[in-house]
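Chain IDs A, B, C and D follow the sequence of writing; residue 1 opens each chain.
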Amino acid sequence: MSFLTLFIIIPLLTIVGILLCKNHLQVKWVAVVGMSLQLITAIVLILVFLAERRAGNMAEVLFVQDNIWYETLNIHFYIGVDGVSVAMIGLTALVVFAGIFASWDIVDLPREFFTSLILLASGVFGFFISLDLFTMFLFYELAVIPMYLLIGIWGSGPRHYSAMKLTLMLMGGSALILLGMVGLYVNSAPGGGPLTFNLIQISKIHISIESQRFLFPFLFVGFGVLGALFPFHTWSPDGHASAPTAVSMLHAGVLMKLGGYGCYRVAVFLLPEAAHQMGWIFLILATIGVIYGAFGALWQKDLKYINAYSSVSHCSLVLFAILMFNQTALTGAIIQMISHGIMTALFFALIGMIYGRTHTRYINEMGGLMKVMPFLAVAYVIAGLASLGLPGFSGFVAEMTIFVGAFQNADVFHRVCTIIAASSIVVTAVYILRVIGILLLGKIRNPAYELITDAKWHDKISVVALIFGITLIGLAPLWLSDMISQGLGPIMQKLLAAAPILN
Amino acid sequence: MIDFSFTALILLIPLFMFVVLGLFGNRFKPLVSGIAGTTGLFVMWVLSLITAYMYFFVLEKAVDGTFQKFLAVNMRWLTLTDKLHIDMGVLLDPISVMMLIVITTVSFMANLYSIGYMKGEKGYMRFFSFLSLFSFSMLGLVVATNIFQMYIFWELVGVSSYLLIGFYYTKDAAVAASKKAFIVTRFADLGFLIGILMLSYLTGTFDFITLTGPDSPAFTSGQGVWFLGLSTMTWSMIFIFMGGAGKSAMFPLHIWLPDAMEGPTPVSALIHAATMVVAGVYLVARLFPIYVSTPVALDVVMYVGAFSSIFAAIIACTQYDIKRVLAYSTMSQIGMMMFALGISGYGGHEGLGYMASMFHLFNHAFFKALLFLGAGAIIHSVHTNYMNEMGGLWKHLPITHITFLIACLAIAGIPPLSGFFSKDEILAAGLEKSTFLYLVMMIVSGLTAFYMFRLYFSIFWGKQTQYEHTPHEAPKTMTIPLLFLAVGALLTGLIPFSNFVTSDRLPFVAHLEIWVAIPAVLIALVGMVIATLFYRKENNLPEKVFLALGGFSKAAYHKFYIDELYLFITKKIIFNYISRPIAWFDRHIVDGTMNGISFVTNEISFRIRKFQSGQLQQYALVFVSGALFLALIFIYLWTN
Amino acid sequence: MLIMRHELLLITITVILLIVEIFLPNTQKHKIILPAILLMAAVTLVGFIPGTPGVLFGGMYQSTALTMMLKNILNIGVLIIFIQSVDWLKQDQNKEKVSEFFILILSTLIGMNYMISSGDFLMFYLGLELATIPIAALAAYERYKEKSAEAGVKLIFTSALSSGILLYGLSMIYGTTGTMYFADVAPLITGAPLQVLAFIFFFTGMAFKISLVPFHLWTADVYEGAPVNVASYLSVISKGAAVFILTIILYTVFAKIVVIWSQMLYIIIILTITVGNLFAMRQQNLKRFLAFSSIAQAGFILLGIIGQSQLGMTTAIYFVLVYIFSNLGAFGVVAIISNRTGKETINDYDGLYRTNPKLSLVMMLALFSLAGIPPLAGFFGKFFLFTAAGKQGYFILLLIALLNTIISLYYYLLVIKAMLLNSNDQPIAKFKSDCYTRLGLVLCVAGMAVIGFASVIYENIFNLSFGIF
Amino acid sequence: MFEGVPLQWFLVTGTIMFFVGIYGFLVRKNLITILMSIELILNSVNINFVAFNKILYPGHLEGMFFTIFVIAVAAAETSVAIAIIINIYRRIVNIDVEKMNEMKY
């Protein structure tokens, strides 16, 4: 019984607790307690993991627990973590923790809200710890579905439309994933013997190139939909714009990472040859996405749209890095996921708080907020600087690792893609500073805003927690990047083994 | 071997000040935070002076008589590949130590000055915490042990400049200027980044000592022709120079510098005159051996430098905002430094240009900071930036007047003030390279003298302006820095610079080139005389000349319309013809496709509803025909 | 005699109910409800006692562990339906024909049981008819409603036609093989054109029961016209039974022409799923809605059958089990609401959550389970079906089916949207449902929640089922 | 008495009856006549069974039995159908099949 199961048990217990609650306040506090426990567990996990590694335990995955579930189908409840998933778990715990505080002001059906929020979180945790494709997929869908209710009930704007669109597109993605997973299962025992969903076992065997070529697009696109792969990203702007604060946070911060993680952990890891052969198609798409998202953000007026498009840009950068197939770039991809996760969560939290005070999200209706809400404004500036990749914040570490890694591919094609992608940092700077300039600086346009109050205590908690995360990674990235790049050992072996087969 | 690890403190003190003032600054009284920041910087200053002393005089030289180049502090920060890793540390060699002195001195002075200058401003402690942040980043930049650490602090410098320019964040002009400064330099930094990527890929290292060492991989690898007939290494060096040009406001990336004057004057003095803007020069100097190995790149540096120098000098003659005049003169002076680097060779007397450039950088820091602080004092007392609204201030502001005059003489290159010596070296080096560029530089120094004294006369003499409340001399905290820097401007020229800072760290004797010096001084004097005629007394000569030059002077007055060009490119092209179409495409094509799919599905489901007509017999018909249809297919399929 | 245990027990309680019915005065008819349910529960329980497999009537009737399990599954479903229909039966207009409901349902159930354990086409045919004709009467149960009568007509006539065609097919099978016993027919199936024709005619008969496209057109109308509980009975029990027997016959009797029927199923699956979904998208009346959704689900079930392997059969049966619980959950909610308020369209459900949170929660779970959303049983069912089909290499088919799941998710979400998202100025008033309904719904939810995680159920089914190879 | 009559004749007759029945089912409007055409279909089936049994497999009587059962079942079916038809006739004094389209789409 590995203590990883806590990551599923704690949320479920929290949900039970919430359902037993009498009034709104209790609900909130139960949620807070549960998620704080979750955060603590995550931190403990990171520390224990690092200790294990330092103690020289170089097993591919640690804290393994393997219970047989469906014997004849050979489906197991098989969980374990490597450096990458540990990092992602840490991210999730942090963002969920902040999200609870950010959604403190929910008045309509708070019980249902927090239940679905934590259900979503448990799905994400389960996804990251599971090493069996079946449970992985189960948790994946479990994480996606509550989105519909969260956006549909507590959202704003054209929330029904956005919720439906988001859910259907993501489910379309998961349909492709399911096809790919069944395909993997069917091909999982070329030498006879029982078929298996076990990710580690499948990674050990060699799947025939033909079936790889058939399955790779399904898996990559399937996860890519959630990873905002151009042109399947179009759910993201509407979804984010309509979602309530905490949901945008979790969604952009954590859920979109499921896509990138899946692309890396399932598509590329299990189908390396196909990845090598077909990677270039998706690399082009990802590169387009990076630039496209940035320019898209440049034109928007609505804060959430701006951030949604910048998320598209950053997440495409993740896919871009994954498709570079070398250790540095992959490490960068994972760091970028974490960094963007925290950063964009911070953004959405702040946007939510600002919206809650000014009741508009159109930047040119606001202005000079620095005067009236210094705390939020400064936090927003920090988030902005982090997002345009300023040293000292996580974004810089991630982007530089990605670019240096990507540049190690000697051929012109990858070089050009890298340079194009790198040029996005300028555009990012432009739109971030544009927003900061219009929104926070200058004079207060609307006299009504003179009376706005600054952040409340719960706002401050969530903001500070996230800023701490950004700066921690930004100032001392070494432990993180080492942890991650250790975790990337196996996939690198497969990719390197795959390369000569093709050349 | 002395342990220099205490140099780390030079970085950590301002960082500490930044954090403390930034987080808890608003708990203190404003004055307290100002004094705290200044004391911090004072300690830092003293430390760097000690460092310089120990480095140049106590530390024994290397076996070949060169100043040692070594890592005082170094620690792993991030591992990228097995070869490439980013370290944080302190690299000590002549130029970094020289820069330490420059930066700490100027920023200490600027801080001291600000205590008086910023009195009563809103966000006093914010200002001081930003100043500390800037000092931290700038120092980190100069002591960088590897090119990536340099890049990191490069960005930090950029952002602290952004924060300080936009200090008056309620002034739209300030906000716009800060944004412009950041974005333009950011664009340049993209070039820097690409250059770093290429360089690091070619050489497999970031480390300066390896890169610039005698057997650097940069000399051998990447020499093959890559693009436009230039080798990869050349291109990477050109890209890196792009970054330097951005920070140092070289043409055509200079447009942010004049606007940056929207910031508080001490900031302009510290960042946009003395320290940050010379980062580009420092970068080229830092990588000088590689530049020497790629002559084309070095020529680019030379021509860009020369052109920017004269370009800025011309504009400076036509501006009325005193800070803008100073800004353009800064640009012009930095152009000279770049030019000096560009013409320089490596080693011994070949490296005269290098030495001259560093020497000029050193001197320039003092007198330009002095000029800006003086201008600050003037603005502080008359509350205007425009020289045509001033005049006859000499009796109101005696100290400012004297120090300002000294600075003007120094920058004009009048012996025995500092500017004379370094400019002389530059011109001497230029003469060895090519006569044409030498002449250009002569014109520049003439123009320099002209516009500086135009400034001087129209501020302190010229017409007798009536001020609503009589201007008064600045407080002590402001005049002391002025005096100190004036002394600096008087004396620094006498330092035998070639004994300390040379391209190969090997001291050599550079003696005054008398045949270069005399014409230089003469042309400077000519410039001064003309300025005197024009502006000593109020008269209409300037207008005459201005009109006589017609279109040219008009263009110069409008800074040759570079800003307008940029505005056109960004606002018109990028926003309207790239960003907007993309946004449209996303909404209507990509999104439209998704909605279209759902629409089509709905439509189909609506069309086929008549199969469910509710007619029993129609159901039966479908039923039977379905059966027969299957029968047909499969019997057919089966039989063949 | 224990071999025929299930049937005999059912017959006994049917007879008991008949006798009791005779002696009950018209005003007292509703007193029969509780005993009927208890008897059914007892039968269901007894059914789980492991019995001895064996054959009767010279092989016309065969009982194996598999058939017993299938019958148990059906029993459970019927029991739940009984419990759910109490609220409806207690209404005035049904007062004096309460017992007919039980008797007719039970007789159809008997028919299905015989059909499942038939070893011979004659027995199969008898079971089929016995399972069909009373339902027509049930569909027309609410005499006072015109729709109900129309439903009865449509059902009885279409079923008559289909059984006629089926019989024609059987006659040709007889003609080509000279016997009606499954065991004897199987080896003699050679795939001669006449046999293919015969098979297709036979298949249409079954397709009618399972309501596969294009033999499905009666479904929606009958479901809409018939009382909700009868509709739910049609949609789960009779469909389930038909699936079971179809699977068995395909795997045993027609194993030799697997090539043909797998190709045929291929076409029919695509048709069924797509058409079912496309029609369901636009439905306003929830009964029609569920009718079309159940058509689509039937298409998914065939994915298991086309798997041809032990896995395939298992997944098909397993999915039917899951489907019974999910669909009954949905129908249960529709039933109670239409009984109490007479409202049956999706728009009426706007804002239901605000007034009746528990009911709409059950509805939501049921729909999610039908849509195959974890952690509900439906997810497992669908996933395994896909695995079975994928194992056989039908990836294109799988892709089409998967894309259809998106459409299905869309229309299930439409209902959920109505209940949870939409606001409504006069929503369905808050009402308190009786304990029977609650029990029924709780059973359904428990089933949906448990079946997925309790892998033992699946393993049992797997051990009992068989494949062609 | 049917000695020498070849099987084909019976089958042809049966087939014709079958399709006549189908045709009737599809085109006649009166529910009763539709019921009659169903009877035609079933009887064609009976003919097939009997003919097969008599000519091809005279050994044992499966076909015969089947026929008997079919007849019986048909009777039951018809009775239920007629009951429903009467029920409808009570309400709308009409048994035209085309009136039965209240529920559609």
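Criterion: a contact is a pair of C-beta atoms (placed from the backbone, for glycine too) under 8 Å apart; a residue touches a chain by one contact, two chains touch by 3 or more.
Here the structure is a predicted model, which means the values were calculated and not measured.
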| item | value |
| --- | --- |
| Pair of chains joined by more contacts [C-beta pairs], B-D or A-C | A-C |
| Chain A-chain C separation of Cα centroids, rounded to whole Å | 42 |
| Intercentroid distance (Cα basis), chain D paired with chain B, Å | 98 |
| For chain C paired with chain D, centre-to-centre distance based on mean C-alpha positions, whole Å | 27 |
| CA centroid of chain A to CA centroid of chain D, Å | 66 |
| Where chain B touches two or more other chains, by residue | 598, 609, 612, 614, 616, 620, 624 |
| Multi-chain contact residues (two or more partners), chain C | 153-154, 157, 161, 165, 220-221, 282, 410 |
| Chain D: positions in contact with at least two other chains | 22, 25, 34, 97, 100, 102-105 |
| Those chain pairs that satisfy the touch definition | A-B, A-C, B-C, B-D, C-D |
| In the complex, chain C residues that touch chain B | 153-154, 157-158, 161-162, 165, 191, 193, 196-197, 200-201, 203-204, 208, 214-215, 217-218, 220-221, 260, 263-264, 267, 275, 278-279, 281-282, 407, 410 |
| Residue ranges of chain D in contact with chain C within the complex | 14, 18, 21-22, 25, 31, 34-35, 38, 41-42, 44-45, 48-49, 52-53, 56-57, 62-63, 65-66, 69-70, 73, 76-77, 80-81, 83-85, 87-88, 91-92, 97, 100, 102-105 |
| Touching residues on chain A, where the partner in the complex is chain C | 69-73, 75, 134, 137-139, 141-142, 145, 148-149, 152-153, 159-160, 163-164, 167-168, 171-172, 175-176, 178-179, 182-183, 185-186, 195, 214 |
| Chain B contact footprint on chain D (complex, rising order) | 22, 25-27, 34, 97-98, 100-105 |
| Touching residues (chain side chain B, partner chain D) in the complex | 609-610, 612-617, 620-621, 624 |
